[in-house]
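Here the structure is laid out as structure tokens; the discussion comes afterwards.
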Amino acid sequence: MQITISSTFDAGNVEVIKADNPNDIQLKIRKDTESDFLQWFYFRVQGAKDTACKLNLLNAGDAAYPEGWDNYQARASYDRITWFQIPTQYNGQTLSMELTPEHDSVYIAYFAPFSYEQHLDLINEAQQSPKCTLECIGHTTQGRPIDFLKIGDDDASKKKLWVIARQHPGESMAEWFMLGLIERLLDEEDATALTLLQKANFYLVPNMNIDGSILGNLRVNARGINLNREWAEPSIENSPEVYYVKEKMRETGMDFVLDVHGDEGLPYNFISGIEGIPSFDDKLKQLTDSFIDNWMAINPDMQKEYGYPKNEPGKANLQIGSKNLGEEFHCLSQTLEMPFKQNANIPDEELGWSPERSIKLGDSLVPVLLSIVDDL
Amino acid sequence: MQITISSTFDAGNVEVIKADNPNDIQLKIRKDTESDFLQWFYFRVQGAKDTACKLNLLNAGDAAYPEGWDNYQARASYDRITWFQIPTQYNGQTLSMELTPEHDSVYIAYFAPFSYEQHLDLINEAQQSPKCTLECIGHTTQGRPIDFLKIGDDDASKKKLWVIARQHPGESMAEWFMLGLIERLLDEEDATALTLLQKANFYLVPNMNIDGSILGNLRVNARGINLNREWAEPSIENSPEVYYVKEKMRETGMDFVLDVHGDEGLPYNFISGIEGIPSFDDKLKQLTDSFIDNWMAINPDMQKEYGYPKNEPGKANLQIGSKNLGEEFHCLSQTLEMPFKQNANIPDEELGWSPERSIKLGDSLVPVLLSIVDDL
Amino acid sequence: MQITISSTFDAGNVEVIKADNPNDIQLKIRKDTESDFLQWFYFRVQGAKDTACKLNLLNAGDAAYPEGWDNYQARASYDRITWFQIPTQYNGQTLSMELTPEHDSVYIAYFAPFSYEQHLDLINEAQQSPKCTLECIGHTTQGRPIDFLKIGDDDASKKKLWVIARQHPGESMAEWFMLGLIERLLDEEDATALTLLQKANFYLVPNMNIDGSILGNLRVNARGINLNREWAEPSIENSPEVYYVKEKMRETGMDFVLDVHGDEGLPYNFISGIEGIPSFDDKLKQLTDSFIDNWMAINPDMQKEYGYPKNEPGKANLQIGSKNLGEEFHCLSQTLEMPFKQNANIPDEELGWSPERSIKLGDSLVPVLLSIVDDL
Amino acid sequence: MQITISSTFDAGNVEVIKADNPNDIQLKIRKDTESDFLQWFYFRVQGAKDTACKLNLLNAGDAAYPEGWDNYQARASYDRITWFQIPTQYNGQTLSMELTPEHDSVYIAYFAPFSYEQHLDLINEAQQSPKCTLECIGHTTQGRPIDFLKIGDDDASKKKLWVIARQHPGESMAEWFMLGLIERLLDEEDATALTLLQKANFYLVPNMNIDGSILGNLRVNARGINLNREWAEPSIENSPEVYYVKEKMRETGMDFVLDVHGDEGLPYNFISGIEGIPSFDDKLKQLTDSFIDNWMAINPDMQKEYGYPKNEPGKANLQIGSKNLGEEFHCLSQTLEMPFKQNANIPDEELGWSPERSIKLGDSLVPVLLSIVDDL
């Protein structure tokens, strides 16, 4: 049977150069829309049941973060529910993945995808809770509704907690995280969530970059814009996703924000803070420390040994979401990074960092926020 | 809150003329790709919770089958799992649907959709059975794999039974039917399926028109072609979906084929036969009668009082799938039509004809085929 | 680790003679309450993970139906959901079962049990349908409610169809059958069930012998009485289960009754009829034939080649339920027998005759009854 | 229809005095086996659909903890999955419960039961994890296996953490708690559990009093013995459940033990400590404080404002499990009490304290133990 490779579905991304020899299937990652970024891939292999395949991504070396390929293992799935790691090598230019498929059709991806249909199901489900409101606060450049969830009530005296995710659409773990967070917040039998919602309302954007997600992009929206460099001056034309969310933030106010991301390189979860913003002060420092330390205590998938270097005072790039918002709202504003690879402290040889672990990390944000909400 | 209407998702179809007044939301159905057909619609309404809405499809009178609107009720859903009927009126030009949404976001469609993601899940699941093989037999004009399932083994002495569905992509009930059929055929504890598979192999195309389905078309593929008029001379360029399937049929041979459709007008399930093909004979007549009568006995959702008029002898249009195949393979070849409206004999006021009923009709094909397989 | 064998749970039945040697675990089946019948066994083995065990039922030769052990395979389960066959030998006196357990605790039984908790769940669920009524029509000798279900309405012009099960408590497949029947009858999206309920009301006793089931008996109730010999003169004292059901039958009337059983010996499903009752006539003969033939056509797990010899005219034992009721109500009255072994026509080497197959047989009674209801 | 009340099932407990008048159904709670304790009740009411019923427990005033009836609401269920509160009054002698059943059969209980079948399912499921071992460590006085679970490995350098539950069988919330704990410990994708199991092994007895649970007792086993007064001198004859568990504790050693209970009176979760044991010291005091404070931070269903008065130094009753074990093993040894009523700090008007909340409290023990494991 002939090998066929396709990517003509939600978030699909691959170009086929040559697929006639299972031992040397030659592929390329397509560039992001209107952009030179590339790294996300997602495709389906057919016709290779019980055949040893070597799948080579020839232009892996041109990726946005080539260091992301070191010690990286690609994910594969037959049912797109369980995604398992497959042997993967990087030689400085080509990423080579090995698999002998057990079934006629198998999917391979950079990370377990979270499709637009899954996004719609997530918000369809959430909105049915009496404590959740779903609102269209604007449209993407391709005309899709920007879905905004409010969990709580209209009590303006409560703390205003924002969580946004997936500015970078290829970082699908960010939306799995949101799934875990939202399900726990809406759980009527969860004392931690119930108590937190006595003190705070939540404002959530489960997917900041819907067009880019569907297009199979790593970093940009349908206009080729990296949304996480647009927060200083978002535009309706090029970055409506940021423009309308920031407008909403000004309407609601903000006492906390978490911007949820994935990191291509580091095999750890970590927080990237706002030490470099002009108004950073002792109170923000203490809040940052409590936030991270409490999270580590509740869920050891969080750690603080590894991460990005902290900005020098005053040197933060205020075009970046968390820095910009921390400065404007003078509140605890953090970026969460989850790995594409592993949490090397608690590795899972079979799955790597996974949807399940991302969901649980989102779930565990609830007790962390309860532990600091009174100080926000 | 402002009302927002969108259709920027798999199978979405609507154009918004005016949505500022809930009592007179003005919409149009977009034409099928490269075609004048129109009838399928599918869109999402946001911002109208607890607001009485009247949604008017202004160009309903220009639909492919305007008689389809008589006594038709549109379907709505909050979770896209349960689709319920809403009050719907047709005045000869405009189709008016009334709904006071209980939640922030609600979907409205011509019939419960079956998305490409659901299609992929269906075949992903099926292929994991040891008795099922999934094969890409060619590509659509937009480059998507044509998914072909074989259920059974390689015993050439067994009867060869084909079932194909959804040549007309807007007839989504056809793929719900396939879901029911496939799940039963693969059920290891079903004596009827086990016995039938001792005598026959199955060759299945769950969705003949994948591009058209994603595009939100009623009747045509991405080239504007009505596939069910292509069987006499399919072309790789314009109707590869038919071309490759017919090629496969010649490769496997055929003792039976059912082509699964939906009918816009009649509120019944019925079979459309091949009385008008040149080679129609007594044996085919007896098989046709047994097939229909046995199905009626097993599942009263089938009936034979209402249906299309039979072709005069020799007058069949051999461009149509079932007629063409009946003539070429000289076998029992039938078209199944399910209603968009109801089975008026056993109406369901809440759901109308539904995915659940379509699934059960597909399931019930198994004992029907067992009752006639030895005579095929 | 020491091997421990216990049966101190619902329907448990075994006596341990000696369990110190895994290669020769000596057990006996306990006699039914106040009775010499014995055949049902059900016990739990602990402490034998990864140890090859030979479990010998020393008094198997004293069972009610020793021929039941020929070609019989015992069932085992780790989770009591999936019950699989294990190698089993019978030497004329001892039944020897071999198993190397994969887990610390494993259950072994004559057939997949259906516990009282499952019974209560079944009727709890059923009663929540608006078309189902649950009634306590009397108490067993141990004081448990006799649960009677009515499915349908109060329209006295409809046909009155009775199905009762598990007079012999060890025949647990009979209650799995009822589960399949009841779920289909209450399915709001099943056209066959909906149509049948237009024509008929159902009167159901899912478990005729609740005490005996809990006690782990094969054939008798808590007074040692074989209920299926009590129908001529049931007594409140010794056979209240029959007494109250028969009283209810006289109250409702009856146009059909099926009494659901298991058979220890024959590896087939079959119907045992009422040819020997005094009032047997041509109409009953025709109904019997249609009933069996139609069932065979719809579900090939039914057959008529193998079964009990038919009674000579007038020679039926009117103490037996189906015969007694056929005579009193002059209606189609049948006993269904399912195998403890296999359906040898469509064997399942892994599971043998199973809960799943029993459920599907119950489900398939619905179209069979629809095919004859007008003639009842 | 006549009202029928029954309790002839696992954990059932009630005596019917008079049930002919729905407005005054007179019932009594049966005493525990060989004991004067009484408080647990669990029964089924049939024949009262749509009828306003008043169910009076005439001897409520003779209960073990009459203060347990103040502000208590009985639980009812149609499906025994969802248990909801019903209006309940106590006049100093009679507990009166009001309900107009929506279905033919309804269950009423002191608290959501956890049956022996559920117990068996819990351990059947757990043992299938490669990191869990199930062992029979002895038998109850009625001959049932005492089920002991070990989660972890054989690394003797790890901390030894014990959790036992349901010495008092009527405190069914204790086994719901164990379900939550066990499921989380075995979750392969839970970083907190994975990390804790790097440092500790778990030794668990999900139900210390299986006989009493089946018998529908509040406080004692089948010999009438309150197991939680047997720890100083347990006997094989009267308290084998304690005898064999304590023997196992000496075999494994112990660095921590939690004994899980329910409290009839206080509407809170709380910890009862070992301040009164002879060897209580600063380290134990600090551990106790950390344990409680960390639990409160992670799950606000825990609190420390309300609870039992602390024992004076040296005044602890060493017959009680947690005190006895704290003294013998000189480790953190605590009793957890959950309410039968509510957590009045976070009340749930519909369900009261519930299985779901008990499960989540058990789940949240995992991060609490991780926070202190290095200090144990």
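In this document, chain identifiers A, B, C and D correspond to the written order of the chains, with residue numbering beginning at 1 in each.
Throughout what follows, contacts are C-beta pairs under 8 Å (C-beta built on N, C-alpha and C of every residue); 3 or more make two chains touch, one makes a residue touch a chain.
Just so we're on the same page, UniProt names per chain: A, B, C, D = Peptidase M14 domain-containing protein.
This is a predicted model, so every value here is computed, not measured.
With contact taken as defined at the outset, there is no chain that touches chain A as well as chain D. When chain centres are set by their Cα atoms, the one at the greatest distance from chain C is A.
With C-D and B-C as the two chain pairs, more C-beta contacts join C-D. With centres taken as mean Cα positions, chain C sits 55 Å from chain A. Averaged C-alpha coordinates put the centre of chain C at 37 Å from the centre of chain D.
Computed centre separation for the pair chain B/chain C is 41 angstrom, with centres defined by C-alpha atoms.
Touching of two or more other chains is recorded for no residue of chain C. Under the touch rule stated earlier, the contacting chain pairs are A-B, A-D, B-C, C-D. By the touch criterion stated above, chain D contacts chain A in their complex at residues 188-192, 194-195, 294, 297-301, 343, 346, 348, 351, 354, 356-357, 360, 364, 367, 370-371.
Of all residues in chain D, those touching chain C in their complex are 1, 4, 6, 8-10, 44, 46-47, 78-80, 103-105, 115-117, 120-121, 123-125, 127-128, 133-136, 139, 142-145.
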